[in-house]
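One chain, chain A, links the two complexes that follow: it is found with chain B in the first and with chain C in the second.
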Partner chain A sequence: MMKMNTKKQLILAAVMAMAISLASIAYADPTGGVVTVGASESGSGSASGTVDTTGGNVTLVNVTGTQITSNWAGFYGFITGGLQLADASSNVFYQWTVSNLTNSVVYAANGTISNWAGLQAGSQALAPAAVATSNTDGYNNTFSSTKAFQSAGLGPIASTPFTTTYQGGSSGSLETYSLADSTGDVNVWAGMAIQNTTSFKTGQQVDYQILAPAASSATTTYNFYLELP
Partner chain B sequence: MKTKTMMVALIVTLVSMYAVYAAEPGGATVTSSQDLGEFSAGSAGTVSIEAGNVTQANLEANMSTYRWSGLLGNVSGSIQLGDGSSNVLFTWTGSGRLVYASEASPTWGSLADASQANVEGVYTHLATGSDNYSLTFTGGSESIGSGIFTLSSDFATTLSSGATTWKTYSLWDTTNVVFAGRVESAGTSYSGTTVDYQMIIPEDGTAGDTTATTWNLYAELV
Partner chain C sequence: MTTSFRKTITLFVACVLLSLCASSAHAIILANTQDWVDVYSVLLHANQNGDRALFATSESIAALAKVVPPAAQLEIYESDSQPFIKNIGGQLSSAGYDIIDEQKTESYNLDLAPDGVPYILIARENFKLAIAIGSYAVQTGSWVFIVDDENVGDVVQKIQGSPSVLAIGNFKRDILEQIDPFITETTNNNNIYLDSQEIAKRFDTLDNVVLTDGSVLESEFFTTKNPILLSGPNKIMDDTYDFLQQNNVKSVVLVGNKLSVVGETIRSRSNKEISIFVKFGQSDSSNSGKVYALNMFQMPQPTLGLTVTRAAYNPKSKQLAVYFNNIGSAGLYELTTLSINTNGEEIATASDEEVQFLGPQEVLPVVYDVTIPLDKISDDTQVEFYTSYGTEPSQLDSFLTMENRFGPPFSTKLEIEEISTEGLSLQLDDIAYYPALKRIGIELTNDGQKDTYLSAKIMRLIVSGLEEDLQKEGSIKAGETKKMYLSVELDEIDQQENEKFNVVITYGSSPTAMVKTLSLTPEFKVETSFGAGITAMVVGLTGEGSPVGAAILLVVIVAGVVFYLRKRKKKS
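Showing the complex of A and B:
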C-alpha cells in the first residue's frame, strides 16, 4: 500500500548570491561637495561724519556707525545632486532624483570630519579664539539661540546653538548651526537649506546661507560637505 | 472483475495525488556571497575666505542612499518528488522564476500584494526621504509572474548596463514584507556581469545604524 505521507517537495534551490550589501555599512554620512566658487564681496563701513566746532562751545554729537566684522564670513549658493545605490567601483544599481532640496544641509568645516555620528553641539568654549569673546560680534552674541539639530541622517543633537542670516534685508529663516566634531578640534557650521528662497542679496534666490568664523589677516579654508534629504 | 480492479487502482492514485503539501517556494542555500561595497562619498570641496567677505559657493554632490541595499546573483536548483525521509523518487532540473527575500519566515498561504502602509509600517525609515518607498517602487501593478501565487504588485526597477529589466515586487503575508525579484536568466547586471536576478531590499542606515540585517532567501523554480 502506498504510504499516505508522500510529499511533493517543490524546490530546494541553490542561490549564489552576490550581495552588494547585506550588512548595513551604508549609514547616513554627508558626502563631499563639489564646490563652484563665485564672487566674494565685502561691504563698506559707514563713511565718517563731520561736525564743525568753535572755540568755547560744547557740542552734543551723537554718532552711529556701521563697521564690517573682522571675525565672520558668509557663504551662500545653490545645491544640486542625487542619491544612488552603487558599489565601491561606482557602478550604479539604482538612482533617485532629489526634487526638493529643502532640508538638505551644507556643512562647512575647518577640518576633515571622519566620524559624523560623533558630531556634538558647538559652544563658545569650542569656537575659534577670535570669536570666543564678549565682543559685539562674539560667538555668544551671534549664536544666541539653541535648539536640537536634526538632519535627514544625523541627530537629534540637543541644545545646538544656531543663528539666522538675513533675507531680503531683515532676519530670515535660513539657519546656521554651530557644531563640532567628537574631539572638539573641528568646528562645523551647518546651513539648513530652503530651496530657491530669498537671499540676502536683492533680487537673488539661494538654497543656503552660512555664517562662519574667518580671520581678517589671513584666509581660512573650509571643507564643504553636502547632505541631501 | 477486471473493470472493478481498474477503478480501485484509479481511486488510490487520485487519493494519493491529493495527499500533497501546498506549493511554496523552497529555502535557498547561499553557495557564495561577496560584498561589493558601497558608493564612496566624494572628497570635500574647499573654499578659502577672509573675514568680512561673503562668498558664493554652489555645491553639487551625489550621495549614497542609506535606506536600501542591493542583492544579485545566480539561481540554480532542482524540483524533486520525494518522501519525508528525503528519499527522491524523481528530480527535474529547474531554472529560477522568482527569488524571495524576507527577514522572517513567510506565511506563504497568506501572501498578497504589499501596500505602501504595510511596507512603511515595518520599515519606518522608508516613509521619508528622497529615496523613500513610494519614490522607489514606482512601477505600476502587474503580475509578478509566479507559478504558485496569482498576485499583482507594484515594483521597483534596478539598473542594468545592458538591456535586462530587473524588477523587485513588494509582497505581504499579513505580518512580514516579502520582496520578490523576478529572475531573468543570464541577464546583464548593473555592473555588466551575467546574473539571473537582481533586487533591491531595505536597509536602515539612518542615525548611524550599522547593525547588519539577515535576510532569508527563497527561490521559486520553473
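Showing the complex of A and C:
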C-alpha cells in the first residue's frame, strides 16, 4: 500500500512539474513528449520612472503533446516584472522599489480579500469543484502535505496544505500554500518567494512559482498580491 | 426502459441543466469610454449589482482579449461621443465573444443612477475623493454623482426629495448654491487626505484598509469591503500614517506596484507591525501562466513635476540661491529642508520658513541665508534636498527625487557665484481688480538703475469660493512704470470675501537671477471708475496697456468729436 502511494505521488509530482510549464496546455492534443521553448516576452517601459525591464521576462514554455492535466495552472516569474496588456499606449510598466524579495509572499486570489488576517487554511471542501475530486490530480493528492503557513505579517496558520513545485527538473523548495478567506468564498494560493532562484526549467530563474486551479468558469481570473517582507 | 434510452434521457437532462447554468451566469460588463466619470459609474453600477466589470484603456481590443475569458458573455456600455474602441461589439464578436447587450449614452453617471437611494455628491475636480468613496458607496448602496457646471441641473433633479445627500469636498460657489438646499450632510476639511479619513471612519472596522494615490481607477476600489485612504505617489502624509497607527490598522493593500515605496515606508515606520500587500498583477484568460499588469484607467490629473536646476552660493552675501523649476503643467507648492555636505560630512543646513509657490514652467530662485565655511567647500560638495511638494499648501504629497529614484534626497552640486543685486529696486504703486477687464492690474515702478525681470504672484485669492494662486512673468526697464494684468474672474461674493491681495514679486537682472523678493498685502480694491472703463476698452482692443490700442481709441474719440462739430455747424 505504501509503495503504491509513493509511486502515485511520484507520478503526480512529475505531472505537476509539466503542468507548470504549460501554455495553452488544456488545448494540446496528446502526442509525444516534445518540449518547445517559446519566445521570451518582456514588458516595455514608458514614461519617466520606468527602467530596466530585463527583470520582467517571462518565458513561455509550450509542452506539446505530453499528456497533462487541465485542472491546474502554474504562475511564475519575477516580481519585478509585470507584462503590459498588449499595447504600449496606455499601460505603464513601473520599476519596483523592493530591494530584496526573499521572504516575500506572492498571493494569487480568485477574488478580493477583505480581511487578510482572517485567512484560513484551505481544504478540498473549499477548493474549486474541478479539483475537489479524488482524481490523481485532485486537491488532496496535489496539496498532500500540511504545515503551518507563516509570512512576514500573517500566521502562523496551522495545518495549511501545501505542495512543492519542481526546480531544475527535480523536487525543489518553492512551496505553494492553499489558503482561503474567512468566508471560504475566495481561494488564495500563496507562493513563498525566493529572489532569483532556479525555476522548473533548468537554466531559467524566477522569483516565485505558484500552482493554482485553472480557471473553472467564464469569469475566473486571479489577482496577484505581493506581501512585503 | 432500455439502457440506451435511459442514457439518452440523462444526456438530454444534463444538456438542459448546463444550458440553464450558462444563461444564468453573470455577464461581464465592459465600459468602452474615454471619460473617467463613465468608467467610474459603470464600475459602481456593476459592483452594486454583483457583476464583474472591465474597461477599455486603449484603442485596441488586444489588451481586453488577454484578460476577458473566451467564454464570457459581455454587456457593453459605450460612450456616445467618446468611445475608446470603435465598433467594439463587432470586433469582439469577430473574436468569438458573446455580446448579449450593447448600450450607448452620453452620461452613465446620470443614466445609471437609481432612484430612492442615498446619494453622494463630489465635484468633478475632486476625482481622488471619488475613488476614496468607491467602496463605501458599494457597501451602502449609495449612488455617487460627479458634479460639474454642465450636469448640476440634472443632478439637482435627481437628488431633490432624497432623505440622504452627502456632499464631500469643495465645490465651486455657483454649483454649491444649486445643490446646497438638498444636502443633508457634509464632509469637507479642505484637505482630501483628511476627507478620506473621515469617510474611512464610517466603516465598522479599520483592521484592513486600501491605499491609493488616486491617479488610476482599478476594480479593487469597488470590490473591496474596506475603506480607502489617499496617499501621495511616493510619500505617505503624516496625517495618514498617524491615522493608521491611531486606529490600529493591521494591513494595508496598495493598488499598483508604483506605490511600493509608500508601502516600504509604512512597513519601516511601523516597525513591521502593519502588513503591506501590493496588488500588482492579474492572470490572463487562458491560464498560460502569464501575469499581466493591472487593468488601470488613468485619471485626468495635471502633470506635476519639480526639479532643481542649480544651487549657487554667494560667499559675500552669505546666501544660497536654489533654482527650483516647475516642469509640470500645473502650479505647485514646495517646502524644503536642505543639507550641504562634503564627502558625507554635513557642513551647513537651511530650510524654508513657509511654502513657496511656482507657476507652471516657472524657474523660481529661492534664497536661503546660510553661512557655509569656505574651507570646507570642494568639488565634492553637494546640496541634498528633502523637498515635499503638491498642489495645495497643506497637501504636499510628493517627494522631490532624483530621476528613477523613489525617495529623497535630491542632490545637486554646490556652485559658487556672486549674484549682484545692486541697482535693482521695484515699487508697487497700485493694485486693483477690474471687473470690466476680468483682470487684476498691478502697477509697478522700476526705481532702480537696471532693467528688471520679474515674476508677480497673487496668492490664495478667493475665486468662485475657492482659493487659487495667480502668476505672471514680465520685465520693466529702469525708470519705467508699467501695469501688469493677471486674468481672473471674481464674482460679487468673491469681491466681498477677498480682504487683501497677497502679493509676492520676485525679480532680478535676468530671468535666471530673480533673487530679490517684494512681499506686500495691500487692501483688496475693485476699480469701476470711468477711467477703468476706458482702460477696459483699450485693453480689450489690443491687450494690456498697448500704445496701439490707445492710439486707435484716440482716433475714434477725435473722429467722433469732429463729426459732432461738423453736424452742429451745418445746423447753424
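Heads up, the rule we're going with is that the second predicted complex is superposed on the first by the 137 of 229 C-alpha atoms of A that agree within 3 Å, B and C clash if a C-alpha of one lies under 4 Å from a C-alpha of the other, contacts with A are read in each partner's own complex, and residues count from 1 in each chain.
Definition applied: a residue touches a chain if its C-beta (ideal position, glycine included) is under 8 Å from a C-beta of that chain, and two chains touch if they have at least 3 such contacts.
The model shown is predicted, which means the values in this text are computed figures rather than measured ones.
**Q** In the superposed arrangement, does A:114 touch chain B (first), chain C (second), both or neither?
**A** second
**Q** Looking at A:134 after the superposition, I want to know if it touches chain B, chain C, both of them or none. Which is it: first, second, both, neither?
**A** A:134 contacts neither chain B nor chain C.
**Q** Of the two partner chains, chain B (first) and chain C (second), which one does A:202 touch, if any: first, second, both, or neither?
**A** A:202 sits against neither chain B nor chain C.
**Q** Would you sort A:170 into first (chain B), second (chain C), both or neither based on which partner it touches?
**A** A:170 sits against neither chain B nor chain C.
**Q** Looking at chain A, does chain C or chain B touch more of its residues?
**A** B
**Q** Considering each complex separately, which residues of chain A are in contact with chain B in the first and with chain C in the second?
**A** On chain A, the overlap between the chain B and chain C contacts is residues 20-26, 41, 43, 73-77, 79, 81-87, 89-98, 108, 112, 116-117, 152-154, 214-215, 218-228.
**Q** Could you list, by residue number, the parts of chain A that touch chain C in their complex?
**A** 20-26, 41, 43, 48-49, 51, 58, 60, 73-77, 79, 81-87, 89-98, 107-108, 111-117, 152-154, 214-215, 217-228
**Q** State the interface residues of chain A toward chain B in the complex, per the touch definition above.
**A** 2-43, 68-100, 106, 108-109, 112, 116-117, 152-155, 200, 212-216, 218-229
**Q** Give every residue of chain B touching chain A within the complex, in rising order.
**A** Residue list for chain B touching chain A: 12, 15-16, 19-21, 23-66, 68-84, 94, 96, 99, 128-131, 135-136, 148, 156, 158-159, 161, 190-193, 195, 198, 200, 203-215, 217, 219-221.
**Q** Over in the complex, which chain C residues touch chain A? Could you list them?
**A** 25-26, 28, 52, 57-60, 62-67, 69, 71-73, 207-208, 220, 223-226, 250-251, 253, 256-258, 260-261, 263-264, 267, 272, 274-293, 295-296, 298, 403-404, 406-407
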